[in-house]
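My questions will all concern the structure given below.
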């Protein structure tokens, strides 16, 4: 009935509800499509991506003998796969399909219908001309190496690692600090349930340590990455801690034995609120429980003249090795989860809050340590001079929602401020004032927690603090920190003298987020957090296959959300591994022997070393498994001897032609 | 009165940065001039100078190339190749009597929706200032390609 | 030797006379030439701006144009209000094309040159950038016999533009004075507002603002306040008697211009520094800045 | 006295839009109502409407309330609000604009010295090209509240004694030039 050789194109114009129909005249567009060469059927439909929409395509393929499909709808990044599948279900090769983007490219970025429709016609024309050139293609497939790399050992990394390990997959967990645990390990209680962070985290930490399927490398960085989904080659640099993890039993005698009788070095884990020795473990529950020697402060490293009492103390275990050097581990993995977390906003950037100037202005993280039973003050909330504060002011949105620093809402500050307010009141009985712009308590049980705090008579003042100063107008303000703020609800400007100020600093991307981004070849959103493939449909995937995101490196979020996301990332990885292989886009380049002049121009160009030169045949050859399909060699070949599936010169020429020929 | 001159721009956007930037412009509902027509390629390195020449030959008033920022290329260094070719191409077009402003190479990341808008709007302005392309050049290329 | 145009502004011809005198004397000992703009006009400051922005910009523009004419394109404006309006005119003429066009058009109509190349400067920033603390230190001629001072920067030289100094905790005046051997105290209110012309209009409010400024300065053990603006100086200087009456607290602080303090240390003729024009703190002023005692010292 | 009930018919949304188009006010509508402006303002404590509420009222188009308020005249233009606003609204410019409008509409509080001073200053400068502090204060007092002068006598005398109060009335030579200059200008 239909001659298989003549090209019969089916055109489907999507309304996308009103998303497209509002600014593109879809009826006119479809009618126009019908008039284009080779077009056998041209329809418009409310939602082409819906089931009935896809059925429509399948049906037409049978009834009208269509052998090419063009859908004019959204971005191929959203639904190209959907429609290719539909095309295949209709009995055609999936690659006899082309997608025309009239939503992101037209209806959403253009106001008037006339110019919009005109533009849509151009693109549709181009699409129809292009698809006519399409040829049937087969997807390649790459095997997936079952091992997984997880970068960052905070709660996100830990949860993902355990999920995967329990499913029987081998995980390499790489953490740059001496211990895993991340920010959560520093918290005392967690909102809104107030269950102790350690009680829920430390068991998970130790099971990471003991899990047969997890290789844990702390004090280490990922220094190089090559390869692609399914088979990545990763180089991990393990910094020397001068104590052999395999020999150390965690007795910590070396620490007591250190020639420094008092701890003198401000300790990082407690933000300098406590002190440590040159040989130390960041905190008692550290995993692994193996001390680190800090060459910056260790006498032996500085002068070479130390009694080395630590080595004595270690005795015949011989775990201490002062000649230890950085070690490189090279591993093969099939997929990667990036969970590198966040850094807290530096409160010094808001000088009018006096952080770093007035000793009793603290950041929220510092106070987390103060209220923590295992913290530097053993849970005593005290001022630098040891006094108990009688009044405390908690300042929200420091480094959040501010055009002068970070524009975004950090999502967790409202809740952790409430939590700290509760804990401070509990520990000290102090009057606690919260200064907020908007109170955001959208999570499960959050609003109830807010209510609880209101009933505990914590003061809530709606207003962004203007300044914090140490000068008083009268005796009641002398020697206090005075917070000046407009109480916007009472409609009064107030001066509130307090003993202690807590700055609820926001969350921002890690300082080295850009290096990490480059290393793993993923993108950032404008504020610098890592960009997910799609905010709704692919929230933990990235644009690099096999690389997934979990936790605050993707954006500020609380512990429940982080754990949920880590689980999701683990599930994505499992799906990948259990499929055993991943189908590849058949957009690889290939050499047309008859035209190859053997000039070798292409060989040097390929970043994946996929092109080899066959000396005996004097021809280049492209390894289809290695080729990633960038097409650089295609554009470079002086004798046009290289083609690229899906992006053939002919196809692109036709597309350009289609755009520019005024029909 | 005659219709105002609406330049037509053929834009080659790389799949991983600039095309996504344009998608983001869409989802953020940024409004910009409707004059650009985007052709998606996997990498700016895929853009064969012939595509550009062909576009001009077929009557494009301007050609825009979009790729990832240096160091961010999804394929490691395709965008550098694109840059090298672009420089040559611009000279060559100059000799052909095509103003260098008619072709533009821009690094636009997946996050820079606003950049997409600015670049396209700017380019439309420039082209409106330059006016339609002179006919003779067109024929030159028709033979060339 | 670097040369500057000089825009006195109305105050330095009245309440701020001592500022002008000491500024000229100081620039003289530093060998910097300061040429008054010929027939300058009011800058169009705050009060004017609140009636008619358009022509306020034009008034400033004329002064800038005069500087352009004079070929001496660094305009030194000692009064904070003048400095800001001149600076703002320059900025807005660029940032807002409409304003720029309007200014350009009007200047042309009055056949005055355009503003390009003119730089608005404040003496504090001139001394800090063009002379520098080190040079000041080398040039010290007299010891500072006075007590520690509080540096008071006021508002309009540090906000909204940050070229003179940053707006949170500026330090350049402190640095210069310290380099000259003048001790300064930590002064949290150094950029708070003195009320400007409000002391004239909403008197009680103005006085209250100055009371707070003085109180904190004294609490920080300052024995004088050093200012950069005629209005600040006037307010702090003239209010003290009234504050004494009102509160019963004894305030009698010299309110100096930084040019007076530096002028003294760098050996300018004390007569030319206008110390006698201060209302408050005359007692300390006579002790600190009398050359008589100096000569006496020279004998023994 | 500010009535507590507001009728929508009193609002002029288009006025809000126009205000937002003035230099420095572009971001007016992005105001968070966080109160940083009022908190940092040294004079807000004496204002009848806090700067934050001024932006709120402007945004909703309650023109009269704003233009009749004392607030705009208490602004000493110290720019504290402008540099600290988390939305970078140039509130000082907003206030200037409102003052100008109030004067044009004759809505400024009667005999409020600040407003009188501004006008006197304006006229003096336009007439003479310069301002003479003495006669300015004199006129301000006479046109607002002569009793101010009594309070000033003491200070005034001290100023004269220290030679800081010149009684002569300043003016510039090139007055015609000023006229040409301001002639072209359209009073906003």
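Each chain carries a letter (A, B, C and D) given by its place in the written order, and its residues are counted from 1.
One rule holds in what follows: a contact is a pair of C-beta atoms (placed from the backbone, for glycine too) under 8 Å apart; a residue touches a chain by one contact, two chains touch by 3 or more.
Bear in mind that the values here come from a model prediction, so they are computed numbers and not experimental data.
**Student:** Specify the chain pair with the maximum number of C-beta contact pairs.
**Tutor:** Chains C-D share more contact pairs than any other pair.
**Student:** Could you please state the distance in Å, as a whole number, between where the Cα atoms of subunit A are centred and where those of subunit C are centred?
**Tutor:** That pair's centroid distance is 52 Å.
**Student:** Please report how many Å separate the Cα centroid of subunit A from that of subunit B, as a whole number.
**Tutor:** 31
**Student:** Taking each chain's centre as the mean of its CA atoms, how far is subunit C from subunit D in angstrom?
**Tutor:** 23
**Student:** Residues of subunit A touching 2+ other chains?
**Tutor:** 352
**Student:** Can you give me every chain pair that touches, using the contact definition above?
**Tutor:** Every pair of chains in contact is listed here: A-B, A-C, A-D, C-D.
**Student:** If we count contacts the way the header does, which residues on subunit C are in touch with subunit A in the complex?
**Tutor:** It is residues 168-169, 188-189, 212, 215-216, 219 of subunit C that touch subunit A.
**Student:** Report the residues of subunit A in contact with subunit D in the complex, numbered from low to high.
**Tutor:** The contact residues of subunit A facing subunit D are 352, 397, 401-404, 437-438, 462-467, 484-488, 491, 493.
**Student:** In the complex formed with subunit D, which residues of subunit C make contact?
**Tutor:** 10-11, 13-18, 39-42, 44, 46-55, 58-59, 61-62, 92, 95-96, 99, 102, 105-107, 109-112, 155-156, 159-160, 167, 192-193, 195-198, 200-203, 205, 209, 234, 238, 241-242, 276-279
**Student:** If you look only at subunit D, which of its residues touch subunit A in the complex?
**Tutor:** Residues 32-41, 44-45, 50, 52-53, 84, 86-88 of subunit D touch subunit A in their complex.
**Student:** Which part of subunit A faces subunit B closely enough to touch in the complex?
**Tutor:** It is residues 75-77, 101, 103-106, 108-111, 115-116, 118-119, 122-123, 126, 517-518, 521, 523-526, 531, 543-544, 587, 605, 607, 628-632, 634-636, 644, 647, 649, 652-653, 655-657, 659-661 of subunit A that touch subunit B.
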